[in-house]
Structure formats: C-alpha cells, structure tokens
Amino acid sequence: MNKNIHTFIGCDNEYDESQIVIFGAPFDGTTSYRPGTRFAAAAMRNESIGIETYSPYQDKDLEDYNFFDGGDLEFSFGNPAKVVSKIKEYTAGILKDNKIPAMIGGEHLVTLGAVQAAAEKYNDLHIIHFDAHADLRDDYLGEKLSHATVLRRVWDIVGDNKIFQFGIRSGERAEFEFAKNHTYMHKFDMKTLDEIITKLKNKPVYITIDLDVLDSSVFPGTGTPEAGGITFKELINAVMLFQNLENIVAFDINELSPMLDAGGASTACACKVLREMLLAVSK
Amino acid sequence: MNKNIHTFIGCDNEYDESQIVIFGAPFDGTTSYRPGTRFAAAAMRNESIGIETYSPYQDKDLEDYNFFDGGDLEFSFGNPAKVVSKIKEYTAGILKDNKIPAMIGGEHLVTLGAVQAAAEKYNDLHIIHFDAHADLRDDYLGEKLSHATVLRRVWDIVGDNKIFQFGIRSGERAEFEFAKNHTYMHKFDMKTLDEIITKLKNKPVYITIDLDVLDSSVFPGTGTPEAGGITFKELINAVMLFQNLENIVAFDINELSPMLDAGGASTACACKVLREMLLAVSK
Amino acid sequence: MNKNIHTFIGCDNEYDESQIVIFGAPFDGTTSYRPGTRFAAAAMRNESIGIETYSPYQDKDLEDYNFFDGGDLEFSFGNPAKVVSKIKEYTAGILKDNKIPAMIGGEHLVTLGAVQAAAEKYNDLHIIHFDAHADLRDDYLGEKLSHATVLRRVWDIVGDNKIFQFGIRSGERAEFEFAKNHTYMHKFDMKTLDEIITKLKNKPVYITIDLDVLDSSVFPGTGTPEAGGITFKELINAVMLFQNLENIVAFDINELSPMLDAGGASTACACKVLREMLLAVSK
Amino acid sequence: MNKNIHTFIGCDNEYDESQIVIFGAPFDGTTSYRPGTRFAAAAMRNESIGIETYSPYQDKDLEDYNFFDGGDLEFSFGNPAKVVSKIKEYTAGILKDNKIPAMIGGEHLVTLGAVQAAAEKYNDLHIIHFDAHADLRDDYLGEKLSHATVLRRVWDIVGDNKIFQFGIRSGERAEFEFAKNHTYMHKFDMKTLDEIITKLKNKPVYITIDLDVLDSSVFPGTGTPEAGGITFKELINAVMLFQNLENIVAFDINELSPMLDAGGASTACACKVLREMLLAVSK
Amino acid sequence: MNKNIHTFIGCDNEYDESQIVIFGAPFDGTTSYRPGTRFAAAAMRNESIGIETYSPYQDKDLEDYNFFDGGDLEFSFGNPAKVVSKIKEYTAGILKDNKIPAMIGGEHLVTLGAVQAAAEKYNDLHIIHFDAHADLRDDYLGEKLSHATVLRRVWDIVGDNKIFQFGIRSGERAEFEFAKNHTYMHKFDMKTLDEIITKLKNKPVYITIDLDVLDSSVFPGTGTPEAGGITFKELINAVMLFQNLENIVAFDINELSPMLDAGGASTACACKVLREMLLAVSK
Amino acid sequence: MNKNIHTFIGCDNEYDESQIVIFGAPFDGTTSYRPGTRFAAAAMRNESIGIETYSPYQDKDLEDYNFFDGGDLEFSFGNPAKVVSKIKEYTAGILKDNKIPAMIGGEHLVTLGAVQAAAEKYNDLHIIHFDAHADLRDDYLGEKLSHATVLRRVWDIVGDNKIFQFGIRSGERAEFEFAKNHTYMHKFDMKTLDEIITKLKNKPVYITIDLDVLDSSVFPGTGTPEAGGITFKELINAVMLFQNLENIVAFDINELSPMLDAGGASTACACKVLREMLLAVSK
C-alpha cells in the first residue's frame, strides 16, 4: 500500500518529468496585522478538490501537463533571515534543474528568497508585481526583512526600472515617492499591463502576485484586506496576458490567510489563480 | 390561539388562492464538497424578515399577489432516488392544480424531480439554467444521480436544443464538449439571454438558478464558491427579462448553504433573488 | 508614564488644535434585525492600524492635519430618546467650538441627534444621504424613533427638498412614494451626485453615510446587508466629489456591525471610508 | 395543503388540549454587552430536531403529553416598557386558561412581564432563580428596566424572602449586600436547592433560568458568558428536583444568544434544558 | 525529490513494518442534522502537528512504534451501501495481513463496514461502544443504513450480549427498551467499564468511539453535540483501561465535524484521543 | 475634552498612585501553530466591560485599590530577541519604582523578558508556572528563543529547584525527564500547590499563568488547546492560595488568542483570571 500523497489537484507527477515545481512557504513571521498565511498552501491542497483541472478561460487542463508538488518547506519560528535563506536554497535547486518554481506563500517576504535565487541565475531579471500595497519601505519598525519591505529588498537586487507594479492602492507617501523614481507603478488596476508584457516579451520575468490585489469582496481571506481592488475577471485577464511572456522563470502567489475566510471562498479563489497561472506558464 | 406559522416573508396566503406555491427541498446528499444546503429554505424563511416585500426594481410588491408556502418536504437520508421521486410527486400535485411550483433547494439534484414532473405535463419543455458549473457529467464517481450530473439527466428527458445555460465557468473539458452539440451554453455571463428569452417567449419554460452563478464575492455561502461570476445587478437584470416569458411553468433556486456565510449576506441575497423571481413570474 | 490612549489611526491630536472631532455613538437599540453596531467605533479604532494614514486617491495624509478622537459616548440601554438627546448635546458642543463633528455609529438613528444640533446652528441645512434603505417610514411598529424612520425625522426638521438620497434600493412602496414629493432620491447608484454637489457647493451640508449603501459583497458586516449596491470605487469617487463642497458642517458613517464579518474586511473598509471622508473634509 | 407549522420538537398540539403553552419573547433591547438573544426561540425551534423527544433522565417523552407552541410575540424596538407590558398581557391570558406559560427569552428582562402576570393571580408567589448574575441593581445607568435589574423589579412585586437565587457568581458588591437582607442567595452552585424545594413544595412557584448559570464551557452562546458555573449534570439534577414541586405556575429560560456559538452546542443545550423542564413540570 | 506525504503525526512508517494501519472514511451521507464529518480525517492529519507524539498519561511515544497512514478512502456520494462495502473490503485486507485497522470516520455508519470485516475473521467478536446516542433504531425514516441504526446493524451480525455501550444519554424510548434485552448499556458515564474490560480480557474486541460521548463543552465540533457527557479525563481513563484488553482487533473514532468548531479545540481533542488509542493498543 | 483612555476595567488610576502596573506584550512571533495572541491584551481591555470589578470569590473589588494600565508595548516583527529585551527594560522600570508588573501576553516567550528583570532585582527568585505544556525544550527547530523553550531559558537564569510547574500534560519525553532533575513538576492538576505555597511564603515569587492550563472546554481560545486540563474553579482556588504569598514580585497571564474563540467566552474567562490575580496580589 502507498502512503497518503497530498498535492494540489492534478499536480501529482514525478519531479523529473515535471516542468513546474510547486512548493509551499508557510511563513508569516513578520505579518504586522492578522497572521495566518502559514496555513495557505496546506489549505489550498485540501480545498483544490473543489475546483476542476480544466480551465474554460484558457481551454487547457492541468491533466495535459506534468506538475510536481513538493509540499511545504519546514521553517523554524522567529528567524526571518533563516527562512529567506532556506527558500533561496530550495528555489535555486529547482532552477538549476531548469524547472520553474511555483511558490505558494506565506506572507510576501517569502518572495525575497525566490528572487535571490532567480537573480543569481538571470542577471537581467524583471519583476511583475500585483499587490494592494507598495511594499517599498526601507525598513518596518526597524526591521529590514518584512512583508512591508520586500519589494524594496528586491529592488536592492534588481535595481531601477526592473520592477513593474500593478493594482497598488496602499502605502506610505514615501513609498509612492520612491516608486516614481525607481519602479514602474500603475495604481489601482491592471491598465497598461498589456504594454508592459509586450516590452518584457523576451526578458526573464519573475511574477509575484499578492492576492490582496483583489478587491476585499473577492478575497477577504487575507491579513490586510483592501477594498478598491481588482475583480477576479481583471486578474484572470492579466494572467492570460502572461501567455505572451516567453521566459517566466518563476512565480509565486501569496498572502492567503485561510482562517480569515472560514467559508472558503478566498481559498477557492486562490486555487483558481494558481490553476490559471500554472496553465499560463505551461508550454 | 394559532400555532406558529413560518413562511417566506409576504407568502402566507392559502393554497387555493395562490398562483405560486413555494416549498423547500432540503437535500444535500450528493454534495461532493462542503454540504449544508439542506438548511437553505429554513434559513431563508427566518431571514426573509430582513428584506422588504416591495421591489424597487420591478415596482411590484409581494403583498399585491398571493403566495402559499408549504414548508419543507421531509426526506430520508442516503437515498437520492427516493428524494427525486418525492420531489417529482409533490411538484406534479402542484402542476395538476395549475399552479406554479417555486422550489428552494437543497443541492442542484433536486431540480431533476421537478423537471420530471414538468416534462410530463409539458412535452415541449425548455430549460433556462444559470450556474457556475456545467452539471453535464454522465456520472460522478459512478453515480448517475448527482448535483454534478443533473443537467445531463435533464437532457435525458428534454433532449437536444432545449437547455439554455448561462454563466458557466467550471466543469470538465468533456462537459464543455458535450454542450457544443447538445445544449446552448453561454459561458461566464448573461449575454445573449435577451435573444433567448425572445425565442422562448411562448414556450413552456422551467428556470433553474444555481446561485453559485453569482460571483463568490456576492454569494460566498455555497459549497463550491466560484470567483469570476456575475454581479447581483446582472442577475436582477436577467430576472427582469423573465417578465417577457409568457409560460414559466416552474422554477427553482438552489445551492445556498447558509452555514458557510455566517454573517448572513448570502442568505439575504438568496431571499432577494426569490422575491424578484416570485414577482417576475406573477401576473 | 502615560495611560493608554486609543484613537483612530493618525487622529491623536489635542481637541483645541483640531478642526475635526471624531466620536463614537455606540447605539443599536432600535436595530430590527441583527444588532451589533454598538461595537463599530471601538472596532474601527482597533483595526485602523491595518490601514495607512496616506490616501493615494486624494494624495493627502492624515498626518498633514489635526484630528481629535474623543472616544465613545456612554449610553444607557433601552432608551432611544435619551440617546438621541445625548448625541445632540455632544454634537452641539463641538459645533459651538466651530469644529466639524465626525460621528461613527451605531445604527442610523444616531444621525438624528447630530442633525438636530446642526440644524439649530445652520437654518438652511442640507442632507446628503447614502444608503441602501430609504429610512423614510413615519413610524416602525409604532415607534417614531428608529433606524427605519431616521430620515423621516430629519425631514421633520429640514423640510422638503433638503434631503438628497443616493443608492437607495430597499424600502416600502410608501417610502418611495414619499420620496417623490419630499426628497431627492436617486435609486441604486451615485449617478447625478456631481450635479447635486455643484448645486450645494456653498450650502451648509450634513453628510450621512449608511455603509450598507455598499454592495453586500464589499460590506457584509452590517445588520441588513443588501446585494445590488455600489462598489467601493464608486463610493470613493463620491467621497472625492465632496472636496468640492465648501461647507460640510458635520458627517457620520454608520451601520458597521463588526461581529457579522469576523474576517475583518468590512471593518477595514469602514476605516478607509472614514480616512477618505476625514481627508476630503479637511482643508 | 397545510401551511408550514414551526414548533419546538414534539410540541405541535392544539392550545385547548395542552397544559403547557410555549412562547418566545424575542427581546434583547437592554442587553448591555453582546446582543442577540432575540434569535433564541426561533433557533431553538429550528435546532430542536437534533434532539430526541425522550428523556433518559426522567424516563418521560414529550410525546406522552400535550404542548402548544404559540410562536414568538412581536415587539417593537427601543421600548422596553411596552415589551414588558405585552408579555404580561400574553402570560395573563394563558394563566387565565389555567395553563402553564413556558417562555423562551430573550434577555432576562422578559421575566418581569411574566412575573407581573403570575403575581396578580398568585399572591404568595415564590421565585426560584438560576443565574450567574445577581440581577439585583436598582437601576442600570439610570434605567429601571434592564436585564441587570430584573430580579430587583421582581422583588418590588413579591417582597422579601420570596426569591431564591442559585449559582450566582457575578454582580456589584451592593447586589450581594442587598441579597443578604432581601433574598435567599446561594452562590456558585446548586447546593441547598433540595432543602428549598422541600420548603416550597406546596407554594406557587415561578422558575426563571438564566442559562448563563451554566459554566461558559457548557454554554458559551450567551452575551456575558461566565466561567465558574455549574455543569449540565448539575443543572439536570436541579431540574429533576422540580418534579417535587406541586405548584409550578410558570417558568422561563433565557439569555441564549445563538449567533455567539455558531457551532450550535449552546442552542442544543438550551433545547435539552427546555425538554427537561417541560417534562419535569408535566404531570 | 519526494512528493508531499501527509500523515497523522508520528505515523509515517511503511505498511509492512506497521502493526496498526490508520485510514480515513470520509463519509457523512446519512447524517441527519449538520453534516461535515467527511472532513475529519484530513483535518486531524493537518492539526496533529499541534500535539506531541509523547503521552504523559501512558508514558509512551508514537515514535516508539510503527504506524502506517493510508490516507482517506475515496467514496462516491449518495450511495451508503457502496461506502459500507468499500470499507469492509479495505478493512478485510488489513486484517488479512494481521494488522489492526484504526479507522477515522466520518459519521458512525462507517463502523458497519469495519465490523463486517472483523466479524468475518473473528466469530466471537465483542463490541465496546462509547456514544451519546444509542444508535439502535431498526430504521431511520425508512432507511436501514444510517448513523442512527448502526449499532442495530452491528447487532444483526454479532447478536445478543456482545455489544457494550457506555455514556449513552440520547435516543428514542424504544432504543433503550431494545438495549435492556439485547445489549449491555451503561447510561451517562463510564462506570462499570473496568468490570466489562476484565470480562472481555481475552476476547476479540472491536472498539468504536463516537466522540460525542464527550460532553459538548469538550467536544462541540460534532453534528449533534450533547450536553451531559463525560469529561476528557474520564475518556482517557477509559482508554487506559483498554491496555488490559489482549485482543483488540480493530477500532474507530468517529463523528468529528471540524467546521463546527472553527477554533480547532475539538479537532485537537480528537487527535489526542487517537494518539492515546494508538498507544493503548500498541504492544 | 479628554482623549479616549482605554484600560482594563477598573484600572484607570495614575501610575504614581498604583501598586500594580498592567501592560500588554502583544507578541506571537514564535508561535508554532495558530498565531493570534498578539491581540489578547487589546481584546481583554475591550471585553472587560462585560465583567464586574467586584469578586464574590475574594470579596474584594478592583475599585478598592489603584491600578495603572500602561497599554501595549510596541514591537517590531520577526525579531524575538529585541522583543524580549524591550520587555525586560520596561519591566525593570516598573520594578525599580517598587511596583508590581502585571503583564498580559502574547505568547509565552514574553515571560522571559519579565523574569530577566525580576531576577536581576531578586537573586532568590522562584517561579510558579501553570501550563498545559512543559516548555522545557532546549531549542525548538534550532531556535533558542521560543514559546516552547521559555521555561528552559528561565531555568538558565534561576537554576535548579526554583521552578514549580502545575497542570502540565503535554511535551516531549525529554522535557518530562528534564523536569525530574531540575524543576518541581506536578502533572495534570493543581494538587500539592498548597504545600508549595506554604514553602514559598516569604520568598520572592514570579507567577506565570499560561491559560491553556485550563481545559480546552473552558478555554478554547488559544493556539494549542489541550483537553484534560483544570476547571476554572480549580484555577480560582489556586489563585486564592496566592493570597498567602507575601512577596509576589511580578506575574503574567498569557496565550489567549481571541480570534480563535469568536464568541468571546475565552476572553471573558481571561478577564476574570486577571481580575482575580490583581485582587489576590493587592494588599
């Protein structure tokens, strides 16, 4: 008899035969308000049986491709630097095997480890960033490693004009000032994404989706829900544009906090976003 | 003194004087994910006191018409065939009295019993179907009677080109293939409904509304909430088009699971949909 | 050492130096369905740390202005007349000091006390009213003081053509009839608000926002959530139009019931509405 | 066809043939902390199908007796005096027909109306009172009618040495002082109840059970849950002692707030308490 | 890299090297009130990381023994007979390999399949049954296969004087009558269990624990919570007595419904009961 | 006008006139399972209005003494060492003024900072520790600072035979082994506490109460609820014994996670424990 394997729906292939490798990064140690994103990846595996493997949006099916789900990384508690380092190492291993890492957060800081690994491999790395929050503080209450500083730390690595932010509607004034000089920021919605996609067509691109880019009506299950965001249809349209990118090197979706939406709609929504991302990236 | 009568708001008339007969079908025995729709009709009666009897959309009032609320059917547990049969029998009784059955599910399988009864009376029966899911599987894990097969079972009865599906955004690829040849399916939204309504103006029509056709933001209180659906305004506009149908013979609304939205917004929403349907069908 | 001060985020200035005075009116004694709005103001103070003081919509920051938060009034239970009277007295004190009261309900009846005070100071007072419900009944189950009668009581004070209602989608037929002759009522959405704002540019205006004007997807945390409402973006656009009013004399936001949206999205949304209102009114 | 009758399980007999008359008093207008008891009676009717009509404690079955369930009284909001008066009138009607009223609160103030009616009929009325709270304040924030003053108001009617309080573990010091001179108060548990029962054997007795007398572990679904209370077994033993009382003239159970225990254990517990009370009082 | 294995804590050994085989039976198709036990086994695996592998009660550690966790069986929906049959077959396979099945329900009907398999192997099978409910109906609303009839169906197999019931406090009068003649039933608590254990010392014994035997304060997360039950300490003492049984051939724990206790205390409690059972049965 | 002061009920005195100083330590950064204790102190201040200032257990009233509530410390996120250090510094300040710190956690690690400060002032410091968990690991997944290691870190400071643990029922075997040689550990309940109290009568004593020492039925609102614990009455009896200690130098209560018990019973329970502790320590 076999042991109980637990994967995201339709992602039960072997590592060697898979182009995309899913893993969870169950960390929420710098979350400044309601914690709980550590439970996201496990919840998504559980609840993914409620969605279908087939996407009527893309007319593709998870069953048409191979995906490996490596489960959740194991982290200690109270040591963000160690967590980032562990994510970097794991992501680097996948990249070295010429596979595409698909990380499920956790809070947004997890992106830093994955970007560190990707930037070491690709020296012209570009970042597409969907979020309600700018995440561009230089520090947060004195800490350099934080969900609120993560894109600033990414900027430390990739530099000016490499980060493309969409849907932003929350932050300190200083963050919005910083963005004017150092990143491309489109506030509130997804407009101009098509132009950016065209521009980045052949570039190595890392995509990070903070699910709170969605309106809080669509996605209440997150630590700092923000009204005024995009609809699910807008997000799906954005994801479908990603089919035009020829070199997505890794991506993550993050900030689902399943306990905060006990009815399950947010987790179901996150599952569909992951399905569509997996299909958009699969060739 | 009188015993405690419990009806949907404004629907406390006698059977004989009512054109429309409301009843609940509290069955969720084939629900494949989160059960709980068995509580829908009772919850809607309880919570309907939170809405008004007057509709500013249609400028009509439930008090202007007579409605009888027969309460919930009593079902045994674990025997879907018996449940379908009991619904068929009860619906047939109402139809025989030349009244319009208005069934509150329960899961979507309950529609089968009502359609069986309606199809026996009307041999040219057409079906308008709002749903997130195609519900066109031939079987579900080996079972022929399931919420996931119900429209396929309905097709067994009414045949090709009689089923008109709107809002569909989830299913297996095979279901979408089946639809191409056997039903009219409009994916994702309500567009073209007006044309279909015109076409079916004088036909006998059964309307089945799976409330998960609504976006999961509007209607999280259901077993498999699906992002990417229609807004309440789109649904109301659709319902108002129904005023143009001259022969609605029965209808149902289903798949509310009140426990999954403890705050009550989904139940309140379902109550408004029922109010608008009752008024749209009333002459 | 200092005692623990508890204010809405960024609103910890002294009374004398502040143009706007925030206070809570924790009353829900006439709520006819699910009570709980008494907890709104305290919840908003708690949860406001999850939002930013800076608004990217208005490019203004709460830190740029001074706001005093006086905490919650203390009410007895079961005596609406006494509550209204206490609110009137407190509001009158603020107005006398030439400051702008910003009241957080509580249920909608709290508006009456504040309007009584404002109308005594400004004899040409106009009311802008956002709501799902008309609130124009003359009495509710025999009681004159009720959340369901509050705009009628306001009309008793200000008279015909002074009340401008937007977003209304629920009420008795008689309330809609009354509105035709005595108020300006725009149903369902915010259209024509810009024209009304132009017209009221120099008038003394009291603004009352029942947050259930928002669609129940955006704002489920309220006693009688109503589908079919406006989006948060529509509400923000309306609030930004208020920047064109030159004499907003007082305002309130009401009907948040935090317990009914345990995940916190509704409370977070209310916090953003309050931030935007505070900034729109600040000169 | 018959309309939908909604009663507590096994209590669907006609008024004329029933010795005990159940009714709900859905009032929580003076609740000082978390409101919601207005929903108790309806919730108990709904959920009573989860319990059995047979009691293995008393070896009696609700089916062995006749009970009439008159549903909930309809109250206006914000007027406690009118509510008390309506309860008095309804209770008096039942007593006049020589039946035993069994009232389901609502908050504890509802007891006042029922005691007023009972005391008019029985001039030597005694009160057995189970509660976590003394409820003996003379006023609460200036109001004479309050859940926190209800036993004091009862004392106004019945006078010294007629009130027997058990399980009390919360109150102001002044209330405990008052009890020393005017009531019999046994703190914390049910000890000495057997002696009191013996003493009151032939007296007319009104029993009022505030369910928060139960430990908050057993009964979290109440506005002010109090740890340190009695177990369910202790309460059942107390109820069984009531079989020895020969003249229970009326009783109530109150302070269930179903929304505060979403899982339903508190409501189920209240249903069992009501079943046992109905059986203990039935001859 | 390895796929994501998901087991109960400390139970990740291989099948061949394990004496006890854990599996989930995620079925709740005959649940007559609140469904949801289908999620129990998955929830217990998730949440078991919150408990320790070491028991200070028994001074034993799950790490001292080998356990295999085979995951959940896959069932279709709406066909109880097929479910029972699948459980029987799976259990029989484990028994044939001379291992001890440890089944996690699901609702109580799942016990039937496991007992069928055990009774085929052991013709003198005895049953120890902990439960709030007698579960001795001959049918439930006409259905023979039901959580409410399961011990009656077991009695059909094992016959008189083989079933030992403890903690029973709910049922129809007829069930209690049946028990007098056909089973050993000890109502309300665990008294006399030690004597029964002594008597059954060398017999083949199947143990079935319906967790609602626990007081609803300890275990609210179940479909029909019943106040008046045993404490956790009483249950642990009972489990420790099982160490004296020399031939426990299989056991199950059932009726956890995790959604009904969102805070997780019930699931954590169930995990501890399973840990203690696994250790008590391990030699 | 005064700003909004927010304190635990009856604790609104000035610092200089108070013997006991309350403060919150809203940290849960090493919580290994469900986080959320960061919200405990704020929730307790909010909900304390639901309890009385008078204790019928001790016949004392919070109004009889002076208490200062300094609010919550502000911590950064992701840096446990900095948090511990900040707590130490704040506690030391209170101790220097010869006042008694009363800290509300947060997770249990917060105790370390307070003990560091107390041990610097009192070189014969003894610790009384109530908990479900031993908290004696030397490290947790490699981290030295953790809720799971906190008593071990305390032992690093105070050494052998200074720590007295009660109610312990969970931990690794190695922790129980460690306790045998280095601490006094009484498992499962409070027995022998009276003897220990007698022994420590004149010693400087720090008391730390992890509220999960309570049975999970009484206190489900905590990250790792543990069945098998003590009742509230047992805890109150223990607290009352503390009246016999002549030199309590500081104390804390910790591990309330309010979101995990949405109905509020756990928070209300924690409030009563704090009230009783404040009264027991007050002279």
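A, B, C, D, E and F are the chain letters, set down in written order, and residue numbers restart from 1 in every chain.
Here is the rule we use: a residue touches a chain if its C-beta (ideal position, glycine included) is under 8 Å from a C-beta of that chain, and two chains touch if they have at least 3 such contacts.
These numbers come from a predicted model, not from an experiment.
Chains touching both chain D and chain F: C, E. Separation of chain B from chain F in touch steps, taking the shortest path, is 2. Common neighbours of chain C and chain D, by the contact definition above: B, F. Chain centre most remote from that of chain E: C (centre = mean of CA atoms).
Where chain D touches chain E, the two copies mostly use different residue numbers: shared numbers make up under half of all numbers in play.
Here the spacing of chain A and chain B, counted between their Cα centres, is 38 Å. Centroids built from CA atoms put chain E at 39 Å from chain B.
For chain E, residues that reach two or more other chains under the stated contact definition are 34, 215, 217-218, 259, 261-262. Chains touching one another, given as pairs, are A-B, A-C, A-E, A-F, B-C, B-D, B-E, C-D, C-F, D-E, D-F, E-F.
Chain C makes touch with chain D in their complex at residues 28-32, 34-36, 38, 74-80, 82, 140-143, 145-146, 259. Of all residues in chain A, only 33-34, 168-173, 176, 187-188, 215-218, 220-221, 223-228, 260-262 touch chain C in the complex they form.
Here chain E touches chain A in the complex through residues 1-7, 12, 14-15, 21, 42, 45-46, 68-72, 259, 262, going by the rule given at the top. Interface residues of chain E, counted against chain F in their complex, comprise 49-54, 56-57, 59, 61, 215, 217-218, 231-233, 236, 261-265, 268-269, 272.
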